[in-house]
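Two complexes follow with subunit A in common, the first pairing it with subunit B and the second with subunit C.
Up next is the complex of A and B:
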């Protein structure tokens, strides 16, 4: 979680959209709470503070591919460490 | 009259005055009982919910088109978030679970789920509270479809009404039938809220942020909405009512004479032209200003770009807004003022940044010079936009020559960057300053060598010269822009600018009050920038006087010892010369 502004609606929508493309169950965990990664509202209520780490849990048939893709989208829209992949969504 | 008159204050967001019976809207206060249905009815409730979602999405899309047509595509982004939320699986799963597992009605499941999300969002320490309003909006939108539209009656109004509500969503505001809705006032909202933006485009008087509005009003009570002053009067007494009725007649008179007045120049009886410009905050105010007779935009405040958002505006955010204004004014001049805010108002600021004395603290140009990335982003956008029309750049709150030089240095750097990148801009863009800190007025002759124009900001000048915060009611009586000390500084600055041959404009609030117009002309002001709603009155005043008589009045005023004498004298003169405005 690098974006100083926190997880606001535009990045949350991008992450949720990426997650919704997969059959697997996508969860984000932070501070002892767990939310549905396919829901923008859930992501907004995660309350992850800038500079902290959020855990991504994906369970299902396409889990591996899903986890890779969602993590990449997350890094892109929330401005992860410089030099990270800058591919298209 | 047995009803108690109440005068409430809020934030004026759309000018004009109106009087009418109150209609009170309050869906937000609606209590939805936790009613359960039988097992057999569950499927029907699920279906009702899904239909309500579809209807709401449809409705939001319709609003989006409506607002896009009225205000342009950038205003419609308000609605994009609503659609994302309405279609969110996290939301629908919870609602459907409540219906299926608990057998609650669709309306209770919706209101409960929305309420839960709002509570969670409010507990977060991240700056997401602006989303709470969006959640309420979609909750209300869904409930309206489920309950059979509480606010449907708005479409079947028999007689014109004044709408009072806790809050109106931008969508609801855009939908108001302006042939039947005379004006509105709400408890919530700020100058830059989306509702305020939409209200302005409807051109009906509106006041938002009126605390305690709904506590003292009953449906049908007579209500005055004064969108010029930000005042709401409930059950006005006879004298107040008469005063406002007079104002209303005046307002009508002006609206009617507007067409004739607009084609006439702002020229004194002895043929001196006075430039009349508009002060604006939002791009959509340009059209209104021009219709009111503005010859250009003398002050374009850019603070709204920074307010009510989670992150600072991007260069494109700036650029788009500026281009919209420049296109709308169609070749007339525009003066863009760079950021004029305190550090505590910036996106992402914390309580620690709150200062004990913000008006004497880190704000405006001082803040820009500390936060160069913000400043440069804005300057780049202004420079790029300068290709689209005659734009000038103005720095606010400059208090030392060093600051001005620093700001100009940053501007030169940004120009160099643009040149290197091959991005076109006007190298000869005019650069001016607000003269609003006493030190700058006193040193005006030095500044005159280094800027292209001055703009006198009399609001801040008055507060700094007199050491009075006019928002503080305990001392507000000491605040007057015609205090002799302020007038001397104004006169001095005008004389310097005239001697040095650099243009000077005046853009404080006093400029919008026709009471002071003669005095200002007498002081040598030839360019005035004011709130667009006041321009017709100003033009009318200018056209009824001669420079000679204004100078005579000013000579008298400059001998006076205190603000009260000046005010009384000017009022007497105004009644005599402009009875239609001041009687």
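Up next is the complex of A and C:
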């Protein structure tokens, strides 16, 4: 989790869209909370602080492929340029 | 930050007329202008700024909800409002469904933190299915305002 001010709409939408492409159940866990990885609203309210670790849990027939892809999208949208996300949420 | 810290009560639209994204954004910005929150000469510029943000990716984020937003020099503090559409607005939402609840936020350019907090607050409350259902059922500005104040007091769990 590198985003300076939490998860913004665009990265959250990218992650949720990646998750929605799979049949598996996708959950993100952080700070004792668990949210639906296919819901942008859920992801926006995950409340993960910068620099912390968020757990990804994928359960289903296509879980392995889904987990790989979703984790990659997460890193692409959140790890790319920390500090720049405030410009366009 | 509470919803009532930035929601302009007079600008609430219980029955949005527009059925397309740009018309909906314009109707809401004009309502904020009529309520005295955005200068008339800035209306077009704010609409354009919001539409430019939409081009980067729709803020129609599923569950019938959209959070169009921008930072703009037309405002001195974060202002926003809620519009409810009975028929639904075509918003290019990520789930492909029409949008029924539009929560629009405009913040000053120099206060990105406040802008983020306003959006965060709105998304937190809108995550609650009951809050969304009650908003869609509300028939007047007063009812919507009451729901917003209730949400502020209760902080729907999530």
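In this text, the second predicted complex is superposed on the first by the 79 of 89 C-alpha atoms of A that agree within 3 Å, B and C clash if a C-alpha of one lies under 4 Å from a C-alpha of the other, contacts with A are read in each partner's own complex, and residues count from 1 in each chain.
What we mean here is this: a contact is a pair of C-beta atoms (placed from the backbone, for glycine too) under 8 Å apart; a residue touches a chain by one contact, two chains touch by 3 or more.
This structure is a prediction, so every number in the text was calculated from the model and none was measured.
Once the two complexes are laid over each other on the shared chain, residue contacts for A:52 go to neither subunit B nor subunit C.
Residue contacts after overlaying the shared chain place A:44 against subunit B and subunit C alike. Of the two partner chains, both subunit B and subunit C are touched by A:13.
Residues 5-6, 8-9, 13, 16, 20, 39-42, 44-45 of subunit A contact both subunit B in one complex and subunit C in the other.
Within the complex formed with subunit B, the residues of subunit A that make contact are 4-9, 13, 16, 20, 35-36, 38-42, 44-45, 47, 49. Note for the complex: subunit C touches subunit A at residues 53, 56-59, 61-63, 65, 67, 69, 94-95, 112-113, 115-116, 119-120, 123-124, 126-127, 158. Residues of subunit A that touch subunit C in their complex: 5-6, 8-10, 12-14, 16-17, 20, 39-42, 44-45, 86-89. Against subunit A, in their complex, subunit B makes its touches with residues 81, 84-85, 88-91, 93, 117, 120-121, 123-128, 131, 135, 310-311, 347-348.
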